[in-house]
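Following are the structures in question.
One chain, chain A, appears in both complexes that follow, with chain B as partner in the first and chain C in the second.
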Partner chain A sequence: MSALAFTLKIKPVQRVDCSPLTPDLLAGKSAKDIAATLLQSGRQQLQADQVFDISGNDSSNIEFSNSNGKLDFIGAHMSCGSVTVHGDVGSYLGLQMKKGSLTVHGNADAYAACGMAGGLLHILGNAGDFIGGALPGDRKGMRGGTVIVTGNAGDRAGDQMRRGVLLIEGDAGEYCASRMIAGTIGVMGKVGKYVGFGMRHGTILLFKPTDFHTTIQDCGHHTLPYLNLMFKSFTPLPSKFAHLSQNRVQKFGGDLASDGKGEILIFA
Partner chain B sequence: MLIKLTGGRVYDPAHGIDGKVMDIYARDGRIVAKPKDTERIDQEYQLAGKVVMAGAIDMHTHIGGGKVNIARMMLPEDHRGDPVGHSELCRAGCGHAAPSTLTTGYRYAEMGYTAGFEPAVLPMNARQAHLEMGDVPIIDKGGYAMLGSDDMLLRMLAAKKDQNAINDYVAWTLHASQAMGIKVVNPGGISAFKFNQRMLDLDENNSYYQVTPREVLKTLARAVYELGVPHPLHIHGNNLGVPGNVETTLNTMLGAEGYPIHLTHIQFHSYGTEGDRKFSSGAARIAEAINQRKNVSADVGQILFGQTVTASGDNMAQFRNHAAGSPKKWVVMDIECDAGCGVVPFKYKDKNFVNALQWAIGLEIFLLVEDPWRIFLTTDHPNGAPFTSYPHLIRLLMDKTFRKEAFSRISPDAQAMSTLGSIEREYTLYEIAIMTRAGAAKLVGLHDRGHLGAGAAADITVYTDDADREKMFTKPDHVFKDGQLVVKDGSVVKVTWGATHVVKPEFDRGIEKDIAKYFDAYHTVRMEHVKVTDQHIADDGRGHVQVHECKGRREKTT
Partner chain C sequence: MIINGVHIDDTFAEAFNMRGTRVIITAQNHKWAHIAAATMTGFATSVIACGVEAGIEREMDASETPDGRPGVSILMFAMGSAVLMKQLETRMGQCILTCPTTAAFSGIDGDPETVTRINLGKNLRFFGDGFQTSKLFNGKRYWRVPVMDGEFLTEETTGMVRAVGGGNFLILATSQTQALAACEAAVEAMRQIPNVIMPFPGGVVRSGSKVGSKYKTLIASTNDAFCPTLKGITRTDLSPEIESVMEIVIDGLSDADIRKATRSGIAAACELGASGGIKRISAGNYGGKLGQFQFHLREIMS
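Our next item is the complex of A and B:
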């Protein structure tokens, strides 16, 4: 059994909805059926084999190669297996993903890990806006699982995040953790303005001094033993976050304009 | 063009026809008597064994006006979750609880409905409501103009203006908003909410105007009657959803003092306070009262389990209920000081005691009210359930085995509080035809719809008789709208545009002076700009206005 490989062979004019190409939906399908899978692209429906060269047969282990930013919804709703992408991906990567692992050797566009409920999503490049957030109109963002971004993340990372772990090794844009409900967000690089805007609960780990808006307040320096437990849970992760040990932090609380039970911990 | 529908089993309660096999002829969109043998039939449909009825009429469905748009905006997940692709004929759309305008029209037609009436056209927003309904294809539309919490009327009542002036104002409103009737929502209560009142019972004063709901109701019911408007005052009563509101509803019936009234989504107004949880069914008392009082009609507003959204002018009730909403988002707002609006998404669950009992109460009312001419089949779309669940509801009414089986699955506590399990009645096809066709047309005041006699519009639905009534009513074989075949085998085959039904009772134009002065002093627009003309509705060539007669304007009373 070799990994089921999709190699992009055309330059798509419109965006291509790749949500049918997940381990769940391709399980038990013949090569012929997989080739005939219909993918929505703008107003058209394209057959999978019109878009990709397809090889391999292990549908629980899917690989996309030569990918570019026109491929949306990769790994959407997946609940098993693994998906690996070589190249950039479009929006909605791992949308409402439930289980399994999804790795991208490239950059992802907006709304990656939106409404994600479980599993591991690893983006080795940069991520766009609203990573781990909620789709427009929804009241809850990511609600479980782990997301690692080796590069930078765009604006509104973790918007309305409800649970789970979002780890960004590079910088994060503005309004990081906006309207956060709960969960954990770590940013090793710089964060933009208004971090924690409207956050109600949850924990943000920051590693660079940052300016906060008025309704985030300084709560002094603390030694927090529970951090050791949290960091221990990070140790298996393929990330710089696996090597943390410090538990002395400066704590900020907020956003006082909305409940104010969130905490922003600065390791500096 | 002459078409002939041959050999179908016809249910036409307006003419007392109950399942008689007969032929129906239609020429140029109208039903005609049997033509001479020499005349050439252009199209003939062989309908032996099929069931033929007039096109169904939904007399209370929220398909236009600002609140539906708010519901759409607030619930992108409703749209994402139910996309509808475009076809050769139909344009794309989406939405389960609050479908897009086009999808609304297609889905109604595909279910055999040929008319729907929007029950909350705010005069100030009438133009938007008509534009939106103008975008609903195939079916006929109409609306009831909302009065009762508007500043102008409450001022008139507070100043004890005489009934004639109020009649003129009501008639002016019908003209200006191109409406088929008058609706009152939580009489005086929408206004009272803005003066920080959170409850308003029938005899409680609006704290600002010192006017009671009872006065508002009686005055408007009388105005509608005296103007000769065929549709009686359409009442959404006080205390919607409050346990114990059965008393309010019974008092409302008394308060009409014999004037004809229509109590809408009465299920939400039939709650008692018995039992451990202080929530019980008032269906038996309500049904008994309706059976006794011939001036009262009602539609049920049945709830069915699943996700939907409630959109109502009753800001007081919506504010009260917002915490029970799901998903957690809601809107309650004022509209131009004339009314209010509240939109709260709801998910009704069969294992939830309250929801399960609401479901049972609705069905109890259907089955205990004896006269199908005075009880109507609605889910108060989308408040109780989307209109697409009507076939399921019809099966619940027509099939007691199915109903009892469904009853056995709801919350056991609710079962213990309901008599539904012991009710044996099953609706017949004839009674369903009354509720959804002949009766609805009569109630709304549509003289040429809802029946199959000569002169009626050729709005006809043909079903395949099936013991599974849900299946039967989901997918009609043929639907004709004004003589044109619009749906075949449950799919749209032609897209037409229906009429907008209105009434235009006579009134003393002198009232416009007062109204214009009022608009100049208090409103953001001039009176002239509020009026919707026939031209505005017909402008894009897709709609037209059909005026219905207001018979016998009653003697002015002093």
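Our next item is the complex of A and C:
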């Protein structure tokens, strides 16, 4: 069995909803059925084989090649298997993903890992705004699983995040962890203004000094043993975060304008 | 059966079904991990009045513990799950939460069919008065409770399993000094065996009991048949040269563990031999009617 490969062969004029192309929904389907899968694109419905060259037969291991930023909803709702993308992807990558692994060798647009509940999402390029956030209208963002961004993330990373781990190796934009409910966000690069704006609980790990708005307050320097457990849980991850070891931090607490029980830990 | 001149009685120890749990205590260094563990397992010699029987199983290197700090693992046993849960919670609250730098972790994980999850820090978190936070790592929930020395970290639950309590043997010697020396050697050897504890002071008990008493209110009283000072005036079990008898009681996570510990303990005591004043090894039982397990000394030593 070889990976079920979708190679983009057209330049889509409209965005293409790729949510039907997941290991869950393609399991047990014949090549003919897969080719006939309908994908919404603007007002049209396109057959999968109009958009992609399709080869391979292992639906638990899906690959997208030659991909570009018009392909939305890749890996949405997936609960098993693996999806690998070579190229950029559009919005809502891994929307409400439950299990399995999703890897993108390229950049992702807005709302990646939106409402994600489990599994591993690895973006080797940059991510857009609202990564790990909530669907507009929902009150909770990502609620489980692990997201790794090797590049930078846009604004509002982890907005309303409820649980899980969001690790950004590059920079994060403004309002990182805004309205965060709980969970863990790590940013190795710089963060924009208003980090932790409206956060209620949860942990933000920062590695560069930054300015906070006034309702984030200094709680002093501490050695926190629980960080050892956190670092240990990171060790299997394909990320720079796997090599953390020092548990001496400066703790900032907030956002006092909200519940105020969140923490921003700065590794000196 | 005679080992190194020591007579092994053809008798058996009678043991009971219990519930057991393990907790891993870590701290800044072994000194404080031991202080915490000793406090938590203090006043826990016998279920008769302490609720639980508890003891230190072994010291753990920093590399073996969940948070990478020096630690100690303790075992705790009770006759029922309700008592065990209650005792674990109160002892955690008064002995571990209070002890500087400590953290507590589950010592038993595994198959949910044989391992029941019981509260470790689940309710202690409320000491945090709203400032407590939880973290989920690899599917396990931990609580962080702010305290005056920093932060108290505890896993939410630990595992409880069916266990065995009341394994024992008696060492009969020609003097008190020699009996104690043999007990010390036996306990030292038995501490190397995993999954068992010897809950009495230093692992040794000198006040073995029989069932019943001449006083109506007492359910147990001194085992006069093994009291050397009563040799002439009661129906004694002692030969004239015996001057002191001491007992070692063993609780373990399984009967195989107790068997192993009994064997190594008796072997260590017998090394002192008849020339060291050790004359006989016996065991305590209730005629085999009360306990679910029997540990026949000769079978274990053969």
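FYI, the second predicted complex is superposed on the first by the 268 of 268 C-alpha atoms of A that agree within 3 Å, B and C clash if a C-alpha of one lies under 4 Å from a C-alpha of the other, contacts with A are read in each partner's own complex, and residues count from 1 in each chain.
Just so we're on the same page, contacts are C-beta pairs under 8 Å (C-beta built on N, C-alpha and C of every residue); 3 or more make two chains touch, one makes a residue touch a chain.
The model shown is predicted, which means the values in this text are computed figures rather than measured ones.
J.: Chain A superposed: clash or fit between chain B and chain C?
T.: Because the two structures are overlaid on the shared chain, the partners are seen to fit without clashing.
J.: Output check: A:K9 vs chain B and chain C. Expected answer is one of first, second, both, neither. What do you get?
T.: neither
J.: For the overlay on chain A, what angle lies at chain A between chain B and chain C, C-alpha centres, nearest 10°?
T.: It is 100 degrees after superposition, to the nearest 10.
J.: Applying the touch criterion given at the start, work out whether A:D138 contacts chain B, chain C, both or neither, answering first, second, both or neither.
T.: first
J.: Would you sort A:K208 into first (chain B), second (chain C), both or neither based on which partner it touches?
T.: neither
J.: Going by the contact rule set out at the top, does A:H243 touch chain B (first), chain C (second), both, or neither?
T.: neither
J.: Counting touched residues of chain A, say whether chain B or chain C comes out ahead.
T.: Looking at chain B versus chain C, the one contacting more residues of chain A is C.
J.: Given the touch rule stated above, what does A:H222 touch, chain B (first), chain C (second), both, or neither?
T.: The answer is second: A:H222 touches chain C but not chain B.
J.: In the superposed arrangement, which partner chain does A:R163 touch: chain B (first), chain C (second), both, or neither?
T.: second
J.: For the superposed model, what is the least distance in angstrom between any CA atom of chain B and any CA atom of chain C?
T.: Nearest C-alpha atoms of the two chains are 20 Å apart.
J.: Quick check on the output: what are the common chain A residues between the chain B footprint and the chain C footprint?
T.: Chain A residues touching both partners: none found.
J.: Under the touch definition given earlier, write down the residues of chain A that touch chain C in their complex.
T.: Per the touch definition, chain A meets chain C at residues 163, 184, 201, 203, 222-226, 228-230, 232-233, 261, 263.
J.: Which positions of chain A touch chain B when the two form their complex?
T.: The touching residues are 135-139.
J.: Going by the contact rule at the top, pick out the chain C residues touching chain A in the complex.
T.: Checking each residue of chain C against chain A gives 26, 66-69, 103, 130-131, 133, 135-138, 142, 144, 150-151, 153.
J.: Residues of chain B touching chain A in their complex?
T.: 73-77, 80, 327-329
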